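A, B, C, D and E label the chains in the order they appear, each numbered from 1.
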Amino acid sequence: MSLAANPSVDMHARAKALIARKRMLAFALPLIVLAYFVYIFFAFDIAGLAGRMRWDNAVTLVSDTYSYKTHVERNNRTGEIKVAVEGERKGTYNATNYPAWVKVGEDAAVITLDDDGTIEIADDMVRYDVPGFGVIEATQSRTGGVTINLDPATLPDWISYSKTRLTVTTKAARLSLTKARSEVFVYEFGWELFWFTLESPYYGHGLSGILFGERIDPERSNLMGAWQDFWNNAIWRHGDTVWALFETVLMAFLGTFGAAIIALPLAFLAARNFAPLVAIRMAARRLFDFLRGVDGLIWTILLSRAFGPGPLTGALAILFTDTGSFGKLFSEALENVDEKQIEGVASTGAKPLQRYRFGVIPQIVPVLLSQVLYFLESNTRSATIIGAITGGGIGLLLTQAMITQKDWEEVSYYIVLVVLLVMAMDSFSGWLRRRLIKGD
Amino acid sequence: MLEVKSLTKRFGTKAAVDKVSFHIDRPMMIGIIGRSGAGKSTFLRMMNRLTDASEGELLFEGRNVLSLKGAEKRQWQSDCAMIFQQFNLVPRMDVVSNVLHGTLGRRSTLTTMFNLYPEEDIHKAIDILGRLGISEHAEKRAEALSGGQQQRVAIARALMQDPKVILADEPIASLDPMNAQTVMEALRRIHDEDGRMVIANLHTLDTARRYCDRIIGMRDGRVVFDGTPAQLTTGVARDIYGAGADFSEAATSTEIRDHEAVEAVERRLAKLTV
Amino acid sequence: MLEVKSLTKRFGTKAAVDKVSFHIDRPMMIGIIGRSGAGKSTFLRMMNRLTDASEGELLFEGRNVLSLKGAEKRQWQSDCAMIFQQFNLVPRMDVVSNVLHGTLGRRSTLTTMFNLYPEEDIHKAIDILGRLGISEHAEKRAEALSGGQQQRVAIARALMQDPKVILADEPIASLDPMNAQTVMEALRRIHDEDGRMVIANLHTLDTARRYCDRIIGMRDGRVVFDGTPAQLTTGVARDIYGAGADFSEAATSTEIRDHEAVEAVERRLAKLTV
Amino acid sequence: MADLTAVSTGASLDATRAHYMALTRQRRLYGGIMLLVFVLLLASGFGIANDRNAGGFLPGLPHIFDFPADVVSEAWAKRANLPGHLLKALPALIETINIAAVATITGAFGAIILSLLSTNGLAPWPRLIPVFRRIMDLMRALPEIVIALVLIFVLGSGPVPAAIAIAFHTVGALGKLFSEVNENADQKPLEGLASVGATWPQRMMLGLVPQVAPNWFSYALLRFEINIRASAILGFVGAGGIGYELKNAISWGQGKFDEAAAVFILLFLTIVVFDQMSSVVRNRLTHGSMKSDPLKGAAQ
Amino acid sequence: QDITEFRLGILGGENAQDRVASNQCFADKIAEALGVEVKVFTPADYNGVMQGLLGGTIDAAWMGASSYAGTFIADPEAVEPVLVKQNVDGSIGYYSIGFARKDSGVTSLEDLKGKKFGFGDPNSTSGYLIPSIEIAAAGYPMQPGDFFGDVVFTGGHEQTIVAVNNGDVDAGVTWADGLGAWEDGYNNGALRKAVDAGLVDMNDMVQIWQSNIIPEGPFVIRKALPQDVKDKVTELTANLWEEDADCAYGVAHGEAKDFIPVDHETYASIVAARLAQSN
């Protein structure tokens, strides 16, 4: 071979053309994507979206996930004063356990805020001493409506005032006054009453106090009682939540493995190298397409008439879709099996079932197992969504809490649990996959 | 003992095996040679009933095995073990289980489904492995073994069938010379000690000459030679392989030479023939 | 020109390269020999800055290249081309693009991403390929080429860098003798014609003797020999390879032997190439 | 040379036998226990689910087609309306497909970056690999519906929250698969590029992408298929698209089943069409050129 | 025939957990009266309870008026309404309220010509069914383009309020009990919850329309149940306020006066409305 061969001029031109072609391609792909995004920009009205975006909602949401509010409310018709966490019945303080920042007297309450502001409710009057601003004083009467000590024309934007209503919003609290009620919402950091509700004797006790301190409730040992009160916490309902998590996993488990068990024999009918008849193979394939094409969520709706709400319906819905998915995947795995092994077993005079057992199953088991476990993990996530519709599991709690837009701290609690659950299932199935496929 | 009467196999219009007839009257070690596509594999596969014949008869001890059906067919398969070029073991299963597959033909479906083999079968399997010198690998997965060891496992599976005939389809084609020798010696020993009939497809003349009692040469589906090793002269070989006067056996020999150098040239050859 | 001062590389506690020092005052063709694990590759990789050194200095034209960072380091890499045993081309890309990769060090990231290579670079690439006798493959994917051709593409990429030094890590180890010779000749020619320094790791003594001006022998990370090919006697080689008295160079030679077998194949070869 | 003449001694054979028998017994025991545990889990799980369900499994079975039959019979009775409904739902369908496409493209882009940052041997900051991995795990674990609902609250309902939610999840899901592909890539070309002084982006673009692009593309297509479903489903919670139409029609009950049937047909056909298309393209793409099985990480 | 268990379905705008919890005492009482186990189900949407009642997997439920009508249309023989919640003022209804942002200048339906109007969930009685019929009857046709520039579904009461407050739609409808004062968002209803959550300030809002009274959803029992089961459950529920006001508060999710008998006639107009909205 000669090293002296001279490249023809032709080669120069061709190489240039080649690079030019590649350059075109390198630009074309990003350009196509860009063009599509421009189309989407208009189709989705992104420009308008920027205007509609509500960051204050986002702030409300985010701040609500890590803080909670306590309502101090005076009913202006009866004069009754109530202090309650999130305004809930189950979180209402009684005269013995008011939080330290509020003094409740006869028809009056004085609130000391974190930023040294104070709010006073007395009779039909509220007075809010805002640090660095001054005193806002307002009264309401049945006939005169709401009146305020400031000039209504020059109010800052965090004070909203009309003849019927006054709202003052600061970082530390929100105050509102109408003819019907005077209300103060005080924001505090944390998830309220997460461990114990106000009724529990353990409320306000620290961990060490419960573990090592004196017996708090004479009826029960500290550990036992604290656990019971925590587990049955009326606001957070930890017990029910754990049950809901379990139900979610249960749906995923039953659905996934049920589907795998049903799909395995059907997959033989759909595999080119095992199907007895083309017609049967086609029928099996279309069945799988149909089962898969109808999403699990729609199966839930279709099945709800026959089985009613509950985890079984959710599990069946997962089972239906996954039978379709597994059927397809398994039959593809079957079509890829190595004929040699089957022939080797067949040559010994093995019966058909034995041929499948020893010639086919050992080959596809790793593929099947890995897919089934992979689905188990992803179905745990699907089960949260399906549960939201069929009425079971953590998904229902989560979506309900979100849709009612009431308690974002509960939402974040559920989200954390869901994420932990899915991640746990992820690593569990990964671990099992490694164990089962590497071993045996 | 074995009588083949104008056995034919057609794929479409092409006859892969074309009116093959021969007769063997006592257990022998028989080598079938012929170039690629001559119909050697097809013949063995028909004999083991992995493929159906198009025409003709194959009588073993007076019975036409080609017409057997269902359980009887499987009974014949279990009497007539097959060894493949690619071993055709179940790689993910351990060696003993692979050997035990040789008993599938005579055990009930249900018990074998759950890998429940009788203890004496397990003992026998290990004995056979011992005889072939690989009992220390009994617990390993088949895929963890070298080619030669895997082929010996395949032979052990065949022996486990306690067959009257052992068919071997190019049993040493994917093995290196060292392993090839071990495997061929194992087959020969089985023939010598147990008196089983062995029919082996071989692609190298010297192997056939060294180990077989009788050699059948095939070309384009027909038998073109049938005789003793001594009768297999270079001229005859040229006939079988349809080669010209420059034919040299060396090219297909399995004897150990300077492989590095040969391979280097072989590689150039391969490149050039593309 | 190149001065290496007690260069050391430790992996864990083990010193793969152990206080290596030598000095080269003009562009030469240098061969590094030594048995597997001697530290040859590690030395070249440190020199190209693919691996960081543990200790020591490596001065090229007075500048310590081991302390360069970021853009300066990449500048050095583009001055110091490397050729690998496994070619390390991008197999799915065409040959010209692979050669053009030699310019990456001096072109901006963005322009290269979009294949905006200047025309003169493309022409130069073709010229280099022509010089190495493979310009007709310019449009093919690298993976479609034979080993020897791929290695020549790798050399072309190195030349495209217009480097002061070319490092070659066992450039012929995965090649057959015919290709090995072509590649070594190409390297030698580059040295002779362009006057570039070439440092090549070699695992065969005769190759080193035939092509290099100076030979460095390494053993266990240390330099145990540094001299001309003539000084490299069999006794010295025994030392380098740590072999006993039964050492024969034949074992590592790339020359072609076994004339009988080779001739047989050569004959077939001759027939086919007609 | 392993030889046949050295027949294993009886003693060593006995040892092998005993050992193998012990092993077999142990395997049978473990296998039996595992099977038993699995069957028990399945049976008791089914029992619990059946017990906590409103309707039981067996009583419900005969009625499994009641609801579909209602839908079909009403749709059939009003079949004249079908074409109109189909036409009406078409814009929503296009929106659904657009959501899936945008989410897949942006998600794949994010996944490429994250996967490069979290692949051993490729990552520019190897020490941060676990961090990026955890980020991907987290993104994968968050159900789309959660993100969508939060975003609807901030952005108002429409396609954008759905697209963002799906894209977010896609980054996590594809990122994991991509980094598996990257891990199997050949390092040699990358080292070759490093030796000429190429920067990190150059190495990735010119050395890695040509190797892994077909696999990436194949996974992205599979994901697109999944995302069409996901985007249809998010419509159920008000994120626009065809799912919303379907939910409104189907939960109205008797009276709008014809509409439900039309939307359902459209949705089903879309899913099947894209499913078939993508599997054809994927088969062609991966034919022969792939090391890893593209279906290993199928539908999520 | 005997029953082996009694299955209670609950709808409502509250967290699922709260729904189960606040109905637990009710379930216990039924269990005691019937001597069988009582299970409580809280499907996420109307459809779940409707399907349960139609399929016979749920025996009794508190429903919305519109979803009762839907059940009746699907199968008139499936369930019968037996009781309804009576408000403190003696009424058995609530209202659909049309509202807009004060600064948008909209003060009546008349001002909405060419503007964007938002409904909640199409299955909601007050969020869609009644206003779509009554507003149209008042001379403002609901076909987009006829009078309103556009008519959209926001997905639910809460979303409507957020959408109006954000200006995504110019006006919307939601539900309220009609008691108390507008500036508090009324005593009960979606507006009140939004005010409490800090999502809207009633100073920014103005009411532009109010529907006729809409009957509260009934407590329905499956017709196929044995008569004495139906009687026992009905009687027990009717006496709930008298016997255990705390429990009744939870079941009614709020203050009320009583549960009083009701029959299908009360919902005849709703059924008609729903039929009118069907294809």
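Everything that follows uses one rule, which is that a residue touches a chain if its C-beta (ideal position, glycine included) is under 8 Å from a C-beta of that chain, and two chains touch if they have at least 3 such contacts.
Listed by chain with UniProt protein names: A, D = Phosphonate transport system permease protein; B, C = Phosphonate transport system ATP-binding protein.
All values derive from a computational prediction rather than experimental measurement.
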Given chain A and chain D, the chains that contact each of them: B, C, E
Chain whose Cα centroid lies nearest the overall Cα centroid: D
Which two chains share the largest set of C-beta contact pairs: A-D
Centre-to-centre distance between chain E and chain C (centres being mean Cα positions), rounded to whole Å: 82
Distance from chain C to chain B - Cα centre to Cα centre, in angstrom: 48
Approximate Å spacing (C-alpha centroids) for the pair chain A, chain C: 57
Chain A and chain B, separation of their C-alpha mean positions in angstrom: 62
Where chain A touches two or more other chains, by residue: 52, 54, 57, 301, 304-310, 388-389, 399, 403, 405
Residues of chain D touching at least two other chains: 52-55, 60, 63, 66-67, 70, 153, 156, 237, 250-251
Sites on chain A touched by chain E in the complex: 52, 54, 57, 60, 69, 71, 87, 160-162, 164-165, 167, 169, 174, 178-181, 185, 234, 237, 240-241, 301, 304-310, 388-391, 396-397, 399-401, 403-407, 410
Chain D to chain B touching residues, read off their complex: 1-4, 6-8, 12-13, 16-17, 19-21, 23-24, 27-28, 31
Touching residues on chain D, where the partner in the complex is chain A: 41-42, 45-46, 48-50, 52-57, 60-61, 63-64, 66-68, 70, 95, 98, 101-102, 105, 137-138, 140-146, 149-150, 153-156, 158-160, 163, 229, 232-233, 236-237, 246, 250-251, 264, 268, 271-272, 275, 293, 295-300
Residue ranges of chain E touching chain D (in the complex, touch as defined): 7, 9, 39, 41, 45-47, 50-52, 55-58, 70-71, 73-74, 122-123, 153-156, 159, 162-163, 166, 168, 274-275, 277-279
Complex interface listing, chain A residues touching chain D: 33, 36-37, 40, 43-46, 49, 52-55, 57-58, 61, 247, 250-251, 253-254, 257-258, 289-290, 292-295, 297-298, 301-313, 315, 325, 329, 332, 367, 370-371, 374-375, 378, 381, 384-385, 388-389, 392, 395, 398-399, 402-403, 405, 415, 418-419, 422-423, 426
